[in-house]
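Structures for review follow.
Consider the two complexes below, in which chain A is the common component and chain B and chain C are the respective partners.
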Partner chain A sequence: MALRVAAELRRGQVVNLGIGLPTLVANYTPPDAGVIFHSENGILGYGPHAAEGEEDLDLINARGEHVTLPPGGAVVSHTDAFAMVRSGRLDVAVLGALQVSEKGDLANWMTPEKGIGSPGGALDMAAGAKRLIVITEHTNGGAPKVLKECSYPLTAAGRVDLIVTDLAVMEVTGDGLLLKEVAPGWSVESVRGLTGAPLRVSDGLKEMDFTLPQHPPVNKVYPSAAEAVADVPDGAVMLMDGFGGLGGMPHYLMLALRDQGAKGLTVVSNTVGIARVSGFGTPPSPDLQAVDHSILVERGQIRKAIATFPVSPSPSRPSAFERAYRRGEVELEVVSQGTLAERLRAGGSGVAAFYTPTGVGTVVAEGKEVREFNGRQHLLEEAIRGDFAFVRAHKADTLGNLVYRGTSRNFNLVMAAAAAVTIAEVDEIVEPGVLDPEAIVTPGIHVRRVVQRPAVFSPFQPIKPIEDNGRG
Partner chain B sequence: MAQGKIYPSAASAVADVPDGAVVMLGGFGTPGLPQGLIKGLLSQGARGLTCISNTCFEPRADEYNVARLVENGQVSKLITTFIGRPAQEVPALDLWRAGVLQVEVMPQGILAERMRAAAAGLGGVFVPNVYGHPLDAGLEKRTLNGVEHVLAPPLRADFALIGAHRGDHLGNLTYRLTQRNYNPAMAAAAAVTVAEVREVVAAGGIDPERVVTPGVYVDRLVLEEPS
Partner chain C sequence: MAKERMSRDVIAMRVAKELPDGAVVNLGIGIPTLVSNYLPAGSSVVYHSESGVLNYGPLAEEGERDYDLINAGGQFLQWVPGMSFFGSDEAFAMIRGGHVDVTVLGALQVSERGDLANWMLPHRGVGNIGGAMDLAVGAKRVVVAMEHTDRNDRPKLVRDCAFPLTGRRCVSLVVTDLAVIEVAPGGLVLRETAPDWTAQEVQALTGPPLALAPDLKEMEL
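Entry: the complex of A and B
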C-alpha cells in the first residue's frame, strides 16, 4: 500500500504523511525522487526511518519515529509547519482512516465510544492539502471501511481524492467511487463484496501498478535576473523590499524588472524608494545613484504602493514616488510597519485577517472594523499576498533554501512566504546539504526561482540625478 | 540563588509556579520536552493547573511529561491536540469522564496559531475552519474570501516550560532539529518562560543569525540535569 502511494508522488511536491500506515510511504520513496516530506513538528525534506543504532534522538517524525534528514532538508517551528499547510504549500496529504466515504468524507480522529478524540494535525492537513490520499486496510476484520457514509465524526468532508487499500485503488469522483486498480489476485467482484459503497469500474482498470514515476529534475536556478522576471505581467502585485537601504534589497531583480517594462504594478514595500534621497547608501561617485524602487517609479511602471515609509526623510529631496504622487500618477495605501509585516505574515500563513491594537484612532483605522478584546480596542487588518516576491538573501541551495546575512532578513522573510512566485537574489548558490538545516530561514518550498547576483555588480548605477524641487 | 537568568536547578526555576497557573509544556514527543522542569513541578506540587501540551498519552515511568502531572492530580484542565490514539484509552480520559479533569482538544495547527497570536500581541486571527463537529461550537465564524473561517483567540500562559539545546546568559536559545516544535511559540506567549538547555554559553557564544528564540522572551535558564 505504501509503495502504491509512493507511486502517486511527484518530484518537488510537498507531502505530509499522517501517523500509522502513511509514515511507511517515506520508506518506499527513493531519496532521489525529489519528494519533500513535511512533518507537523517542523521538518521539511526528511528521509526514510533511521537505521538501528543510527537514530538521532532529536529527529523524529509526527509519529515519534526516528527518521533521517538527507541533504537539502530544513527545520522549522510547529507554527511555521502549519502556516505552510494553511497557505497552500502542501501538495499532498496522505492520511489513514477509520472510515472513508464515497463522497470523499474521512473519519480518523475519534470513535464515538471514546467520547473525545485526538484531532492532532489530521484536520489541518485534510483541510489544507491540495490533494488528499487515504491509505487504509480495505476492511477492519472483514467490516468494510470504505462506505456510503461515515458514521464516525468527520476529519474532513468531501476532501478525499484517492483511496489506496490493500485490495484496490479508488478515485473519488462527483459520481461516487471509480475503481481504477485491483491488487494482484483480486477480482472486481471480490473487491465489491468487501466495499460498503457502489463501485464504478474504470475503462482503464488494471492490476495495481507499483511503478515509481520518473520525472525530470526541477530546476530553480535561473541564469539571469532577466530570465527570472520575464513573465511578470502588467498589473502584478509585487512584494519587494529591502528596508529602505542597500542591505537586503534585490537590486539585480529590480533592474531587470525595469528593463522588462511591466506596467501598472502594485508594489508592497516598507519604502517605495528612499535609499537614493536619504542617508541609506551614499554613492561612491556623483554620477552614480543607489538603486531603489525609484527606478520603477520613474519608468511609470508603478500604479499603486502599499508602504509604511513612502516619503523621503528630507523635505528638500523628495523621492520619485512622492513627486509622482503629487502629480496624481500613483495611488498610496499607508500602513504602519508592524502591521505591514503582520499582514504579509498572515498572507504567507493562511490567516485571512487578524485583530491588532496598532493604529486605533489614527488615519490607518479609517474604514476598518474596530473591536474590543480584554478592554483594548483592536483593528481588523487583512492579509496581503503577492503575485511575485523579489527577495534578497545571502545564500541559496539549488532547492531554494535560503539564509540571510545581518539585517538583510527584514521583510524578505515574510514576503518569501506570501507570494505565488518567489524569486530570490543571492550572493552564492550552493548544492543541497551545504546549508545547515537548522540555519535555513526560508525553506525552499517557498522559493520558485533563484538567481545569483553577478560577481561584479554595483547597487549604485548611473541613473538620472535627483530632481531638486527648488526648495533645497 | 539565580545569577541573572541562570537558575541553579530546575526546582528553583519552577518554585514560584502558583496553584491555578496556566502552564505551557513544550515538546513534541521527547525532543524539546523540558523533563527536568516537569520533574521539578511534580515535586513542587502546585495544583489546579491548566496545562497546555500537544500530547497526553499514558504516563511513562521513564519520561516526565504532562501525563505525569495529570496522574499526580495537579492538573484541573488540559488543553491538547492528542489524548491517545483514536481507539486507545489513557488515564486522563477516566478523569475527564469522572468530571475531575476538564479537557479541551483542538487541531494542532489551531493550537500553534493561537499561541503565535498571543506571541504577536493580536486580539485574534481568522483561520480557515478545519474543525470537525463538534469542536468548533462556540467559535465565531465568518466567511472571508468565500471560505468559512473561525476566529482563533490568542492563547497565553503564566509560565512556559520549554526544552532547548543551547542558551546564552541573555537567554538567547537554539534548538537541535525537531526540538524546536512548539517551543519558540510558547516562549513568546507566556509571561514567564523557563528554558531547560543542554549547554549554557556566555553572551556571544551563539551566532546571532542562528538564534531562534531571542533572549527577550526567556526569563530563566536551567541546565538540563543528567537523568
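Entry: the complex of A and C
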C-alpha cells in the first residue's frame, strides 16, 4: 500500500506523512526522487530513519522517530511548519483513517467508544494540503472502513482526493467513489462486497500499478532577472520592498520588471519610491539615481500601492508616486507598518484575518470591524497575498533555501511566504548542504526561482530615459 | 525679546533620563533619534528597530554604507556584538506583544487626553504612517519629544487633535523645548519648565489648562 502511494508523489512536491501506515511511504520513495518530506515539528527535506546507534534526539519527525537530514534540509518552528500547511505550500498529505466517506470526509482521530482522542496535526493537514491521500486497510475486522457516511467524529469534511487500501485505489469525485485500480487477484465485485459505499468503475480500471514515476529535475536557478520575471502579467499583485530606503530591496529584479514592462501592477510594499527623495538615497554622482519603486511609477506600471511610507518625508521634495497620486493616476491604501507585516504574515500562514489594537480610532479603522478583547478595542485586518514576491536575500542554495544578512530580512521573509511565485535575488547561490539547516530563514518550499545579482551591482544606476518599451 | 528655547539636542538629553537601565527602547524618526547620543556610558538600554534589529549600537561612520544594516529611518548602523536580526513581522510582534518598554515619538499634536497625531498634515492629504500606530498602542510607555509650538507658534499641545490621529490616549509624557508635561487621568500636569521659563509663560503657549505638579521644578539634565 505504501509503495502504491509512493507512486503518487512527484519530484519537487512537499509531502507530509501521517502516523502509522503513511510513515511507510518514505521507505518506498527513493532519496533521489526529489520529494521533500515535511514534518509538523518543523523539519523539511528529512531523509530516512537514522541508523541504530546514530539517533539524534534533536532530529525527529512528528512521530518522534529519529530521522536524518540530508543536504538541503531545513529546520523551522512548529508554528512555521503549520503556516506552510495552511497557506498551500503542502502539495500532498498522506493520512491514515478510521473511516472515510464517499464524499471525501475523513475520520481518523477519535472513536466514539473511547470518548477522547488526539487530533494532533491531522485537522490542519487535511484542511491545508492541496491533495489529501488516505491510506488505510479496506476493512476493520471485516467491517468496511469506506462508507457512505462517517459515523465517527470528523477530521475534515469533503477533503479526501484519493483512497489507497490493501484492495483498491479509489478516487473521490463529485459523483461518489470511482474505482481505478484493484489489488492483484481481486475482482471489482469482491472489492464492492467489502465497501460501504457504491463504487463506479473507471473506464481505465486496471490492476494496481506500483511503478514509481520518473520526473525531470526541478531547476529553480534562473540565469538572469529578465528570465525570472518574464511571465509577470499585467495587473499582478507584487510584493516587493525592503525597508527605509535601499536596504534589502530587490533592485536587480525591479530593474528587470521595469524593462519587462508589465502594467497595472498593485505593489505591496513598505515604501513606494522614497529612497530617491531621502538622504539615504542620495547618489554618489549626479548622472546616477537610486533604484526604487519610482522606476516603475515613472513608466506608468503601477496602478495601486498598499504601503506604510508612500510619500517623501519632505513635502517639498515629492516622490514620483506622490506626483502620480496627485494627478489621480494611482490608488493608495496607507497601512500601519506592523499591520502590513502581520497582514503579509497571515497571508503566508493561511490565516484569513486577525484582530489588532493598532489603528483604533484613526482613519485606518474606517469600514473595519471593531471588537473588544480583554477590555480593549481591536480592528479586524485581512491577510494579503501576492501573485509574485521579489525577495532580497543574501544566499540561496539551488533548492531555494534562503539566508539573509543584517536588517535585510525586514519585509522580505514575510513576503517570501505570501506569494504564489516567489523570486529571490541573492548575492550567491550555493549547493544544498552549504547553508546550515538550523540557520535557514526562508525554507526553499516558499521559493520558486532564484537569481544571482551580478557580481558588480550598485543600487544606483545611470538615469535611463523614459521611452515606450514596445509592450502592449 | 523672544526667550531662548531649548535645542532639539537638549530635548533629547532630557528624554534620555526617561530610559531606565535594561529597558527595551524604540526611538522614532526626528528628535527621538538623537536621544541615543545622550545616554550615560554603560547604559544597558536595548534599542529596538522596526527594521528588524535589537541591541544595535551607534550610527555608522560618515561614508560607511552597509545596506544590510539600517535603522527604521534608513540610517546606516555599525556592526556591534550582541545584535540580533529578525523580520519586520517579528519586530512588530515584539511591539504589540508588550516587549518594548518605552518608545519615543515625534508629534504634530498631542491632546490633553494623550491622543497623538504625528503622521499626516491634513492639507497634504497623504502621509506616512510607518510604525507609529503600532508603537502607540503596543509600547508600555509612549514619550513624545517635540517642539512646544509649530512654526507659526501655535500650540501643539491641544484640547483635541485636529490632525489625523496615530493613536488615542496613548501618550504618557511629553518633553518639549519648554517643558516636561505628564498626561494624567485628569489632564496635563506641568512637571518641569525650561530654564528661565515660568509656568505662566508655558501655559500661554499650551492649548489646554496645565495643572502644576506639587514638585514643579526647572528641567534637570
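The criterion applied here is as follows: the second predicted complex is superposed on the first by the 461 of 472 C-alpha atoms of A that agree within 3 Å, B and C clash if a C-alpha of one lies under 4 Å from a C-alpha of the other, contacts with A are read in each partner's own complex, and residues count from 1 in each chain.
In this text, contacts are C-beta pairs under 8 Å (C-beta built on N, C-alpha and C of every residue); 3 or more make two chains touch, one makes a residue touch a chain.
All values reported here derive from a predicted model rather than from experimental measurement.
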May I ask you to decide whether A:Phe373 touches chain B, chain C, both, or neither, giving the answer as first, second, both or neither?
-> first
Look at A:Asp56 in the shared chain and tell me whether it touches chain B only, chain C only, both, or neither; answer first, second, both or neither.
-> first
Applying the touch criterion given at the start, work out whether A:Leu123 contacts chain B, chain C, both or neither, answering first, second, both or neither.
-> first
Of chain B and chain C, which one touches more residues of chain A?
-> B
Looking at the overlay, what does A:Glu342 touch: chain B (first), chain C (second), both, or neither?
-> both
Is A:Val76 touching the first partner chain B, the second partner chain C, both, or neither of them?
-> first
Is A:Gly361 touching the first partner chain B, the second partner chain C, both, or neither of them?
-> second
Of the partners chain B and chain C, which touch A:Ser408 in the superposed model: first, second, both, neither?
-> second
Check the residue A:Pro310 against both partner chains and state whether it touches chain B (first), chain C (second), both, or neither.
-> second
Could you pull out which residues of chain A sit against chain B in one structure and against chain C in the other?
-> 342, 345, 356-357, 404-406, 441
In the complex formed with chain B, which residues of chain A make contact?
-> 19, 39-43, 56-60, 62, 64, 69, 75-79, 81-83, 85-86, 98, 108-111, 114-124, 126-128, 153-156, 342, 345-346, 349-357, 371, 373-374, 376, 378, 403-406, 437-439, 441
Complex interface listing, chain C residues touching chain A = 29, 49-53, 66-77, 85-89, 91-93, 95-96, 115, 121, 124, 126-134, 136-138, 164-168
Under the touch definition given earlier, write down the residues of chain B that touch chain A in their complex.
-> 28-31, 54, 81-87, 89, 93, 96-97, 103, 105-110, 112-113, 115-117, 120-135, 144-145, 147, 149, 153, 165, 174-185, 209-210, 212
Tell me, which parts of chain A touch chain C in their complex?
-> 243-248, 270, 275, 278-280, 308-311, 313, 315, 322, 325, 332, 334-339, 341-342, 344-345, 356-364, 394, 404-414, 441, 459
